[in-house]
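In what follows, subunit A forms one complex with subunit B and a second complex with subunit C.
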Partner chain A sequence: MALPEAKQTATEARLSALTMPDAGCTRAAREDALARVLETGLPNRRDEYWKYTQPDTLVSPEAMPAAVFSDDEPLVFSEFDRLNIVFVDGVFSAEESDDLSMEGVSIDRLEDICCKDIHWAKDLYGVLEARGQVPVQRPLAALNTAFASDGVAIHVTGKPSKPINLIYRHASPTSDAILHHVVRVESGAEATILETGPAASRFNKCMEIDIADKGTLHHVRAQGRDHERRAATHMFTRLGTESVYKSFTLTVNGVLTRNEQVVELTGDDAVAHVAGACVGDGEFHHDDTVFITHDAVNCESRQVFKKVLRNGATGVFQGKILVKEGAQKTDGYQISQSLLLDDDSQFLAKPELEIYADDVACSHGSTSGAIDETALFYLRSRGVPTKDATNMLTLAFLAEAVDEIEDSALAEAIVSRLEGWLARRN
Partner chain B sequence: MAALDQTQVKEGVDQETVDAVREVGTYKYGWDTDIEMEYAPKGVNPDIVRLISEKNEEPEWMTEWRLAAFERWTKMNEPKWAMVNYPEIDFQNQYYYARPKSMEEKPRSLDEVDPKLLATYEKLGIPLKEQMILAGVEGAEDAPAEGRKVAVDAVFDSVSLGTTFQAELKKAGVIFCSISEAIKEHPELVKKYLGTVVPVSDNFYATLNSAVFSDGSFVYIPPGVRCPMELSTYFRINAENTGQFERTLIIADKGSYVSYLEGCTAPQRDTAQLHAAVVEIIVEEDAEVKYSTVQNWFPGDENGKGGIYNFVTKRADCRGDRSKVMWTQVETGSAVTWKYPSCILRGNESQGEFYSIAIANNYQQADTGTKMVHLGKNTKSRIVSKGISAGKAQNTYRGLVSMHPKAKDSRNYTQCDSLLIGDKCGAHTVPYIEVKNNSSRVEHEATTSKVDDDQLFYCRQRGMDEEEAVALVVNGFCKDVLQALPMEFAMEAQQLVAISLEGSVG
Partner chain C sequence: MLEIKNLHVQLEEEDKQILKGVDLTVEAGKVHAIMGPNGSGKSTLSYVLSGRDGYEVTEGSATLDGEDLLEMEPEERAAAGVFLAFQYPVEIPGVGNMTFLRTAVNAQRKARGEEELSAADFLKEVRAKAKTLKIDADMLKRPVNVGFSGGEKKRNEILQMAMLEPKMCIMDETDSGLDVDAMKLVAEGVNALRDEGRGFLVITHYQRLLDHIKPDVVHIMANGRIVKTGGPDLALEVENNGYADILAEVN
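This part shows the complex of A and B:
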C-alpha cells in the first residue's frame, strides 16, 4: 500500500541525509531494515502509536541544535568501579574508554564487526528489532538498524567482576548520533550494564538484548540532564527459560525523550522488570512506551513508572502487556503514576492489556494527581519547611520505581542524585 | 454453546458463572415474524435518503439535513481502530427502509392490527395491555394499567409502531414519541437540539445514521418535572438484509429527571445485519438522566455465522451545572459491538457514570467502553466495567478519561475487570488517560481494592470476603437500574448480575 504523501516525503527527506556505512556481516540485516523503513515510512503525528508524542524533530533530516549542558557534577556512577566505554557525540572514543577486555565478557566495536564476514553478533543484529516490529511498527528502530554508525557488541559468557558503563558524552551542539548495541547473555551468565549521559543533540539508540536460559542482566540508565536533547531509544529484549532482565531508567529533563522497551518472554519461568523514574521541569516531554509479550508459561513481568512533572512538562506512558494464547500462569503487573506539581503540566497515559489466556493474573493501575495535602500538612506540622517537605514526598513517590534496582548501591547513587537535583531546583 | 462445553474451565471460576454465561448464550429471540413488508430499494444514495424523509413526511429542512449528512458520509472512511474483525460491509447491498405493510395506515382498533404483529410482541413477553397500545391501537391509553407503569415506544424495523401512555405523560408535560412524530409536532425542539451532541460528521456510522435514520424515540422533560414513569424503547429487527438506523434524542430541561430504558432483539439469520444508532442526550442544570440498555441483538450462531453488527454512537452532554447522567449497559448480544456511551461534563459539578457488563461468547466481538470528558470544575466521573469472554470471543474495554486544564478539582475513578472462561477467548483493556491540571485526581484501577471504600468496609465488617464485597457493591450499582427494567429483560439481567467476579483479571 502506498504511503500517505506527507509521510513518503518526510521519509525520503530523512533517508537522503543518511548513508549506510560499510556493513560487512550486518549488511543483510541493514538492507532488510531499510526495506522496512521504506514500507512503513517514518512516524508522524497522525500515527496512533505517536498520539501523545510529536515525532517531527526525531525524523527531520537535520537535528535541531542543542546547547551542551555543562555542570561540574561527576558522572552518576563515577564512584563505582566499572568498565567505561565512552562515546562522544555518538562516536566511540578509544582515549576516554577503558581497555575493553575483562573476564567473562567480550566486547567488540560495531565498526570492527562490520569489517568481518563472520561474527556472533550477525545472528542478533537487527533480529530482535525486526521481531519487535509486530504488531506495532517502530520505524525509528528500523532506521537505526539500517544506518547505525557505531555501537558495541557485548558477549557475556561468565560473571564479569564489574559493571560495563556506556557513557554518552555530548560535545557538539549539532550532533546527530545513531548507535546500535547488541548484547548476548549466555546461559547462566550475569552482568550489569550502566548507561549514562545525554549523548548528542539528537540521539537514536537501539539495543538488542538476548538473554539465554538462566542468564541475568541488570540494566540501569541515567539519561543525563541536557535541557535541549532529543532522543528516541529502543530496547529489544528476548528472554529464555528462567532468565532475568531488570531494567531501570532515570530521566531528568531533555526536550524530548521517547524510550521504547520491547520485551519478549519466550522461555518458561522468565522474569522481566522494567521501571522508570522521571523528573520533568519546564519544556520537557518524556514518553515511556513499553510492550511486553508473554509467550511462555509461568513468566512474570513488572512495569513501574513514576513521573514528577512541573512548569509545563509533559509525561507520557504507553504500556502494554500482551499475553499470548497458551501463556498460562502469567503474572503481569503494571503501574504508571504521575505527580503533577502545578497546573501547567500534563500526564497522558494509555495502559493496555491484551490477554488470550485464561489462567493469568494481570493487573494495571494508573493514577495522576497533586501532592498529598495531608502528608504535606503532617510534615509541616512537624517543622519541615514546605520545600523540603515537597521534596521529601516527591522522592518518596519516585522511590517505588527506584526500588526496582536490585543493587542497593546503584539505587542509592540514583537517589542521592535525585535528592541533589530536587534540592537545587527550588 | 458447543464451544463453551468443550473448553476446560479454569479452577476457581465457579459453576454458577459458567452456567449463567451458558444460559445467556442460548438465544431466545431468534424467531422471526412472517409478515408482508414494504421495502425501499436496496442500497443508499440521495434518492433513498429523500425517500425515507418522504415516508416520514418530513419538512424540507430535515431532508436537507439528511442530504448534507449523506454528502459527508460518502467522503468518510470506516473506522478500523477497534479490536474487531468482520468481513467488509457492502453498504449498497442492504435495505435501509422496511416497514410492515399493515402499518401504512395506522390501525384504529384491535381488530385492525395485524395479528402477526400482535403475536410478535406477545412472544417477546410484553404485557397484553401494553401490547394493545404498542400495536398502534388508538384510545387504549384510557384503560387502567396494571402494576408499575413503563411507557414504551416500539420500533419494528424502520418504523415506530406506537408509544404507550402518551396522554398520561402529556399531563406531566413530558413529550415522549417517535422521532418522526417529533419532527412533525415539535420541530423547534428537534431543530434546536438534533446533532448538537453528536455532530453530523462525528464519525462514519453516526454520519450514515444522520442521513438514513428512519425512526427512534424523542423525549423532552420540561423544567422541574420528574418523569412520572420510566420510559423505554424496544427495538426489533425483523426483516432480512435490512439495516436498522434509529435516532434517539433525549432532552432533560432544568431540574428534571428521567429514567430511560432500551432493549433490542433480532431473529436468527445467517447473514449479518447492520444496526447503527445514534443517541443524543442533553442534560441541563440540575437535571438527571439515567439511560439503561439491555442489548440482546442476535449474536450469530455458535460458528460465528450471522448476527448483528452493532455500531452505535451514544453521547450525553451535561450542559448545566450539577447535571448528572448515568449510563448502564448490559451487552450480551450482537456479533460485533462498537459502542462507547460517553459523557461531556461541561457544567460545573456535573457528574457522569458508566456501568457496563459486557458478555461475549462463541465468536462474538465486543469493543465497548466510554469517554469521560471533563470540562467543568468539580466534575466527577465513575467508570465500572466488567467484561466476560467465553468460547472464542474477544472482549475489549476502550475508554478515555480527559481532564481539561479548566476542569479543576475534578475526580475520576475507573475500574475495569475482565473474566475469561476458557483458553480460546481474549480480554483486552485499552484506556486512554489525559490529565491536564493538577488539582484533579484520576485513578485507573484493575485491582479489586478500590471500589468505594466505605461500602466495601461496611460489607467486610459484616463478614464478607473482599471478592464478595466487591461483587455486591458493583452489582449494587447496576441493580437499581436493572431491577427497574421492563418486560423480560429483568430476568435476564438478574442472571447476568448473578455472575460472580471471581478470578478477574485487569
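This part shows the complex of A and C:
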C-alpha cells in the first residue's frame, strides 16, 4: 500500500541525507531494515504512537542545532571504577576510551564486525529490533539499524569486575549521531552497563540485548544535562529462563526525548524491571514508551516511571503490558506518575493492559499531582524552609523509581544529580 | 510568653467565622490546657498559631515573647520556638524519619545562627530520646509516620518535640487514640520537657491526659471563644458533668 504523500516525501528526504555504511556481515540486516523503513515510512504526528510527541525534528533530514553544555561538574559515575567506551558526537574515540579488554566480556566495535563475514553479533544485529516492530511500528529504530555508523558489540560471558560505561560526549552543536549496540549476556553471566551523556545534538540510539538463561544485565543511564539536544532511543531486550534485566534511566533537561523500551520475556521465571526518573523545566518534552510482552510462565515485570515537571514542561508515558496466551502466573506492575510543580506543565499517560491468560496478576496506575500541601506544611512547621521542604518531597516522589537501581552506590550518584538539579532552581 | 489577644479567624475559602475573639496568655514554665466540645475551634487555634494556610485573621494578635507570630512563615515560627504536635500527624512516603528529624533540627539551628548538630551527636541524642519513648530503631528508619499505628504517630510527635526543644509546645489531642500505656509514655515525655523557660498549651477533649500532665490553668473553649478559665479542678468538673452545665452557665 502506498504511503500518504507527506509521509513518503519526509521519508525520502531523510533517507537521501543518509548513506549506508560498508556493512560486511550486518549488510543483510541493514537492507531488511531499510525495506521496513520504506514500507512503513518514518513517523509523523498522525501516527497513533506519536500522538503526544512530535517526531518532526527526529525525522528531518538535518538535525536542529543544539548548544554544547559544559560546566565543571564531574561526569556522573566518574568516581566509580569502570571500563569507559567514549563516543564523541557519535564517533568512537579510541584516545578517550579504555582498552576494551576485560575478563568476562569481549567488546568489539561495530566497524570491526562490519568487515567480518562471521561474528556472533550477526545473529543479533537488527533481529530484536525487527521483532519489536510488531505490533507497534518503530520506524526510527529500523532507520537506526539500516544506517548506524558506529556502536559496540558486547558479549558477556562471565562476571566482569566493573561496569562498562558507554560515554556519549556532545562536542559539535550540529552533530547528528546514529549508534547501534548489541549485547549478549550468556547463560549465568552478569554485567552492568552504564550509559551517560547527551551524545549529540540529535541522537538516535538502538541497543539490542539478548539475555540467555540465568543471565543478568543491569542498565543505568543518565542522559546528560544539555538543554537543546534531541534523542530517540530504543532498547530491545529479550529474556531467557530465569534471566534478569533491570534498567533505570535518569533524564534531566533536553528539549526532546523519546525513550522506547521493548521487552520480551520468553523464558519462564524471568524478571524485567524498567524504570525512569525525569526532571524537566521549561522547554522540555520527555516521552517514555514501553512495551512488555510476557510470553512465558511465572515472569515478573515492573515499570516505574516518575516525572517532575515545571514551567511548561511536558511528560508522556505510554506503557503496555501484553500477556500472551499461556503466560500464566504473570506478575505485571506498572506505575507512571508525575509531579507538576506548577499549572503550566502537563503529563499525558496512556497505560495499557492486554491479557490473554487467566492466572495473572497485573496492575497499573497513573497519577498526576502537585506537591502535597499537608506534607509541606508539616515539614515547614518543623522548621524546614519551604524550598528545602519542596525539594525533600520532590526527591521522595522520585525515590520509588530510583530505588529500582539495585546498586546503592549507583543510586546515590543518581540522587546527587537530582539534588543538584533541584538546588539549581529557586 | 504566648500572648493571644482578641483573635478572630475565618476561613479563607468561605465566609465562616471560627475563632471569635480568643484571649489567652501562657506564661513560661506553665502548662495550660484547653478543653472544649468538638468543633469549638481548638485545632483551628493551633493551626493559626503555627501558620497553616487557609485561615484569615480578621482581628487580634498573637505574639511569642513579644514577636508577632502572625507575620511569620511557619518555618520562622518553628525557629522562633513554636511547636505543634498534630492531632493527625502527616505521613510522608519517601522521606526517612531520621533524615526528616535531622533536617528539621539543623534547619532551626541554622535559622537561629547556631551551629549544626554533627551526624554523630544527632544520632546519639535521637537514640537516647527515642528509647525513653519506646521508639525502636526500625521506626526511625521508616518513612515519616508511614505505617505507624496511631500511638506510634503520637509518640513520634513527642520525639520531634524533644529533639527540637521548642519554647512553646502546642499539643492538639495528643491523647486521642492512645491506650493507657502509650498515654503514660507520652506524658512522661512531656513532663521531662517541663522547664522554667517552656510553655505548654495542651488541647484535649478528655480529662484523663491531665491526670498525667498536671495543668496549671484550664480553659474551656466553646464556639470560638474561651468561655471559662480555672484551675485543674475545672477539668474534673468537665469530666464529671460534661460540657453542658458550663455552657449553660456562660450563655
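The rule is simple: the second predicted complex is superposed on the first by the 426 of 426 C-alpha atoms of A that agree within 3 Å, B and C clash if a C-alpha of one lies under 4 Å from a C-alpha of the other, contacts with A are read in each partner's own complex, and residues count from 1 in each chain.
Quick note on the criterion: a residue touches a chain if its C-beta (ideal position, glycine included) is under 8 Å from a C-beta of that chain, and two chains touch if they have at least 3 such contacts.
On a predicted model such as this, the values are computed, not experimentally measured, just so you know.
Q: Looking at the overlay, does A:Ala396 come into contact with subunit B only (first), subunit C only (second), both, or neither?
A: A:Ala396: touches subunit C, not subunit B.
Q: Pick one for A:Arg380: touches subunit B only (first), subunit C only (second), both, or neither.
A: A:Arg380 contacts subunit C only, not subunit B.
Q: Just subunit B (first), just subunit C (second), both, or neither: which does A:Lys324 touch?
A: A:Lys324 sits against neither subunit B nor subunit C.
Q: Counting residues of subunit A in contact, which comes out ahead: subunit B or subunit C?
A: B
Q: Would you sort A:Asp388 into first (subunit B), second (subunit C), both or neither based on which partner it touches?
A: second
Q: How about subunit C: which of its residues touch subunit A in the complex?
A: Against subunit A, subunit C makes touches at 50-53, 73-75, 77-79, 83-84, 86, 89-95, 99-100, 103-105, 107-108, 111, 143, 160, 164.
Q: For subunit B, which residues count as touching subunit A in their complex?
A: Those residues of subunit B that touch subunit A are 10, 81, 83, 403, 405, 408, 418, 420-447, 505-506.
Q: For subunit A, which residues count as touching subunit B in their complex?
A: My answer: residues 48, 325-326, 328, 338, 340-343, 345-370.
Q: Contact residues on subunit A for subunit C in the complex?
A: Answer in residue numbers: 372-375, 377-386, 388-389, 392-393, 395-400.
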